[in-house]
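Below are structures written as structure tokens.
Below are two complexes that have chain A in common, paired first with chain B and then with chain C.
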Partner chain A sequence: MTLREILGAIAAGALVLAALPWLASDFMLSLALTCLMYIGLAVTWAMFSGATNYLSLATSAFFGIGAYVTAWGFGTLPYALVVALGGLAAAAFASLVGAGILHLRGAYFAVLTFGLGELVRHAITYSEKTYAHTVGRVLQDAPESTAVYWTVLLIATAAVAACAAVRASRLGLALAGIGADEERAQTLGVNTRRAKIAGFALAAFFAGALGAAVAVRWTYIEPASVFNPFIGFQTVLIAMIGGAQTLAGPIVSAVVFSLLTELLRLQFPYAYLIVLGFLLIVLVLYLPGGLASLISRWRQARA
Partner chain B sequence: MGFWLELAASGLITGGIYAVVALGLNLQYGLMRIMNISHGEFLMLGAYLTWLAHTVFGINPVAFLPVVAIVLFLTGLAVYRLCFRRITRTSPSVEIIEARSLLVGFGLMYLVQNAAYLIWGADLRGYSFLADAVVIGDARFAGNSLLAFGFAVAASLAMLAVLRWTMLGKAIRAMMQSPAGAQLVGIDTAFLHPAVFGAGLALAGVAGALLSMVYEITPGMGEPYTVTALIVITLGGLGSAAGCLAGGLLLGLVEAFGMHFTSPSLKMLLSYAVFIAVLLARPKGLFAR
Partner chain C sequence: MRRTLLKAAVAAALGAASALAGVTPASAQDAPVRIGYAIARTGPWAAGAQITQEPNYIMWAEQVNAAGGLNVKGKKRKVELIGLDDRSEAETMVRSYEKLMASDKVDLILPPWGTGANFAVMPLIQKYGYPMIAPTATGRKLLGMKNPYFFAILQQPDLMMDALGEFLKARNIKTAAMIHVDELFGLEQAAALEKSFKEKGIQIIEKKSYPLGVKDLKPVLNDIKAKNPDAFVALSYPPDTFLVTAQAREIAFNPKAFYASVGTAFPVYRDKMGPAIEGVMGLGTLNPKSSPAAKAYFDAHTARHKKEPDRWASAHAWAALQVMQQAIAKVGLDRKALRDAIAGGEFDTVIGKVRFRNGENIATPGVVSQWQGKEFEVVWPPDRATAPALHPKPAWK
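And then the complex of A and B:
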């Protein structure tokens, strides 16, 4: 499919989903919202980490930063502005941090990004305690659930469209080149540093905007709940299982796993995570390319 | 004076534990490039085993240390056989081994940690063991933390001695330097890889057992230690056992004094500041020449 066809399909899908508030119950709407959130998180994660092989575990950090922009700004600023600011704050944080740590490869990068969430969480907890004398913040006058749904739908659509556009662009080629062989990409004249920071910040923007948009669903915001490492872990898992090198893989597996999570996690919290952990191990061992690689393997076998 | 001594000692005591945890991870990462992010979870298992043995069967935690080490060594062999052997065999490059082992480590982390939550619940567990204060000079220490420190340093030194002076240690060091070269001179990787992986987990288990004597334990206790271990490895240099010991003690001191002068809730920030500073300024470790 050409880029124009892909973008058309995305727009059509988004239009259909935009009608959901008139068709579905509140419960269905909240399920759909979770699906959309993970679609946005997983495709943008795959856009950067899937292409470059830089395993970023910072999604929960970006998400939490966005949520905290909502906690601070909501009430004084309009909802749409808060969401945009949440994304920008996360992107600014990502480019700042990225400039410092994106020369690290492999495990160091992964562990450092994993720690970012903890780091920001502790910093916010500390500053809230010392300067604002609170532990968490209560949100009042949250927008209607339909408004939240449309906002998240818009962000998720923009995220998927951005990923499709990036994949077809110079930036996308540069990121893929970095993933294949960073030194070779450098030799061929790619400014790898700039490409990595741009990709990292773009992914962070969407994660932050999603965090800011979704945060109004919780009436009470505290660092421990918004910097939940589970969100980052689930994002990586979804993208890997779907196939982080593809666009459609993470979307499909985001829907499947969000539904599973919503249905099972509350009833069997520990058992569900045990199964997730087990799935991840089996998948990495026996299907490192994700479910999408099954399809391409099947196509090759037919051809 | 007594206060500063106590502060320094408490830093060294946590530092000693850090060193043991980091040593185990360093063996696995340095030798096989397996970034076992679930390392802390096996520390937690060691702690729970000791707690169980003490509260259910009344076994002395110190006497139980060798059992913990052996159980976790065997666990390590099994984990290696089931998960990491396939990765090291099928991955085309070292970087891919790292990335895949990291993901598998995350899977293991969630698996083991949540299994522990399921079995033992989220409550803090603990037992009292040698909790009386020991007075040295004008400083007071808890007996159990002195004991833990002693064992931590002894375990690190024993590991150092094995690496430096035995044939086995020489083989391990050779493999750290050059995996292909080591195979050429007849070092048996099929035997050494699982054994070293198991030894790494055994060290984590011993560290957990020591921690359970001093602190209360929860299924989520291991995670921060994994991150700390990585910081210590970075401080001490990849694959360097002596660097691990020095780095661990140093980080313990930095944390103790840093927390005293700022605030205990900044502990994590301090460790990260050290981590990032070292990565930026001396990425090969503080003691690299």
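And then the complex of A and C:
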């Protein structure tokens, strides 16, 4: 498919999903919201980490920064502006930090990005305690759940479209080149530093915007709950299960994973984690390329 | 090909979705009363939730059903609990309550565990009109939301800290050192403590805070030990309660009064720390000696779950169920009427009389408890005491 066709398909999908509030129950809507949230997080994670092989665990840091922008700004600023600011704050943070740490590779990079979440969490706790004399913030008069849903849908759609555009662009080629062989890409004239920072910041923007958009549902924002490392782990897991080199893989995987987790949680309240863990092991063992590799296997089998 | 795959994915998603929605049974005359809740069974909140809260829900439903059912305005109906795991995540918890209230349309809900989680359900209980009596939520900020459907049955920070201030004043304590966790709980308790101690003429000679998840408090304790305060107060969460106890003992910091907060009332604190905690004080409400009703509650809990309830909020969780039960007997399951009955009534519970004003239980006083032997004795206020206080605290064993 050409980029134009892909973007058309994304827009069509988003239009269909925009009608969900009239069709689905409140619970279905919040389930769809979770799916969309993880679609947005997983595709943008895959856009940077999948292409470059820089395993980033910073998603929860970006998500939490966005959520905290909501905690500070919501009530005085309009919701849409807060969401945009949440994204921008996370992107600014990512470019700043990225400039300092994107020369690290492998486990060092992964551990450092995980540490970012802790760093930001403690920095916010400290400044809130010192200057605001409180640590948690209460959000009153949150927007309707439909407004939150449409906002998250918009961000997720933009995230998928942005990833599709990046894949077809020079930046996407540069990121893929870095993943294949960073020195060679550099020799061939790619400004790897700039490409990495751009990719890292773009992923951060969407994670931050999603954090800012979703946080209004929680009424009470405190560092311990918004800098939840599981959000970061889950994002990585979803992208890898789906196939981090592809665009459709993480999308399908986010939906399947979110629904499956929910189904297991509701149907097998005591055993679902065991089942989930078992499924993950099986997937990693027998489908290392992710769900997306099923398509190519299928093609090969047909050919 | 791509299209068939997409179709298959959509079909699978729709199938899963309809399985999730479940089927709502028509409410027949003798249908059970469906009571839903989400609580942590996994993740960081699970330890507290599984000590203090969910065991009470399960035991209550079993007791009610064994007695023929729940008295709904004179008619007995069985109780069916629908318990979900919130995975210690705000988003999962909100979604679970949306399912229970909006899709499953359960008759009643029970609260989740912890202050943060209770905040997150606040808008939902107001939107769908479900009264909720919370046993593990403290903080003026919660009550400040003025949600007509929210009731806090646990003693709020000012009551607990004022009780401690009175107790220490009566023991002629002049100076105190205080540390607190940097979190809503710690900050609110610390503010309440400072106010109370000022009124009682107890000077706070050292005040320090530490982040959630702290791993070492020895430097802070060494500093405090050097200043030699009469009393030491840690406004702590369970992991830091264990930590501060163990480290104070290690450096032989033994003030006349030693107080730590959440977790001191857990039986596991006694079992893990052993005889070392003789004389340690903390947040409590009652123990089996408090009354025959309390004894019956402790015995039933121990028999059912093979573990004792904690000596603070467990009993509040049980009392919240008793309040709900008594209100349902009077007005039935109409949730608006039920809210009004809870707001306006007075109830006999395991923690004594319970009465709400502006959503706060104003009938239960602040309590100070102290470990003596195997029991967390109530030592303040005098009319609730189950033993005289051990003062000054004996040396660490």
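In the analysis below, the second predicted complex is superposed on the first by the 275 of 303 C-alpha atoms of A that agree within 3 Å, B and C clash if a C-alpha of one lies under 4 Å from a C-alpha of the other, contacts with A are read in each partner's own complex, and residues count from 1 in each chain.
Just so it is clear, contacts are C-beta pairs under 8 Å (C-beta built on N, C-alpha and C of every residue); 3 or more make two chains touch, one makes a residue touch a chain.
The shown structure was predicted, so the numbers you read here are calculated from the model rather than taken from an experiment.
Of the two partner chains placed by superposition, only chain B is touched by A:Pro288; chain C is not.
By the touch criterion stated above, A:Gly75 is placed in contact with neither chain B nor chain C.
Applying the stated contact rule after C-alpha superposition, one finds that A:Gly100 touches chain B and leaves chain C untouched. When both complexes are overlaid on chain A, the residue A:Val111 reaches chain B alone and has no touch with chain C.
Once chain A of one complex is fitted onto chain A of the other, the partner contacts of A:Gly8 are absent, as it touches neither chain B nor chain C.
Among chain B and chain C, the chain that touches a larger number of residues in chain A is C. Contact with both chain B and chain C is seen for A:Leu273 once the two complexes are overlaid on the shared chain. Shared-chain residue A:Thr125: touches chain B and chain C both. Of the two partner chains, chain C is the only one touched by A:Val256; chain B is not. Chain A residues 122, 125-126, 129, 269-270, 273 lie at the interface with chain B in one structure and with chain C in the other.
Residues 53, 55, 100-101, 104-108, 110-112, 114-115, 118-119, 122-123, 125-126, 129, 233, 236, 240, 269-271, 273-274, 276-281, 284-285, 288 of chain A touch chain B in their complex. By the touch criterion stated above, chain A contacts chain C in their complex at residues 25-28, 30-31, 34, 37, 122, 125-126, 129, 133-136, 138, 140, 142, 145, 214, 217-220, 222-225, 228, 230, 252, 255-256, 259-260, 262-263, 265-267, 269-270, 272-273, 295, 298-299, 302. Those residues of chain C that touch chain A in the complex are listed here as 1-2, 5, 9, 12-13, 16-17, 19-22, 41-43, 83-85, 87, 89-92, 94-95, 98-99, 102-103, 115-116, 119-120, 122-123, 141, 144-145, 182-184, 187, 209, 211-212. Every residue of chain B that touches chain A in the complex is listed here, in rising order: 29, 35, 37, 83, 86-87, 95, 98-100, 102-104, 106-115, 117-118, 227, 230, 234, 263, 265-266, 268-269, 272, 275-276, 279-280, 283.
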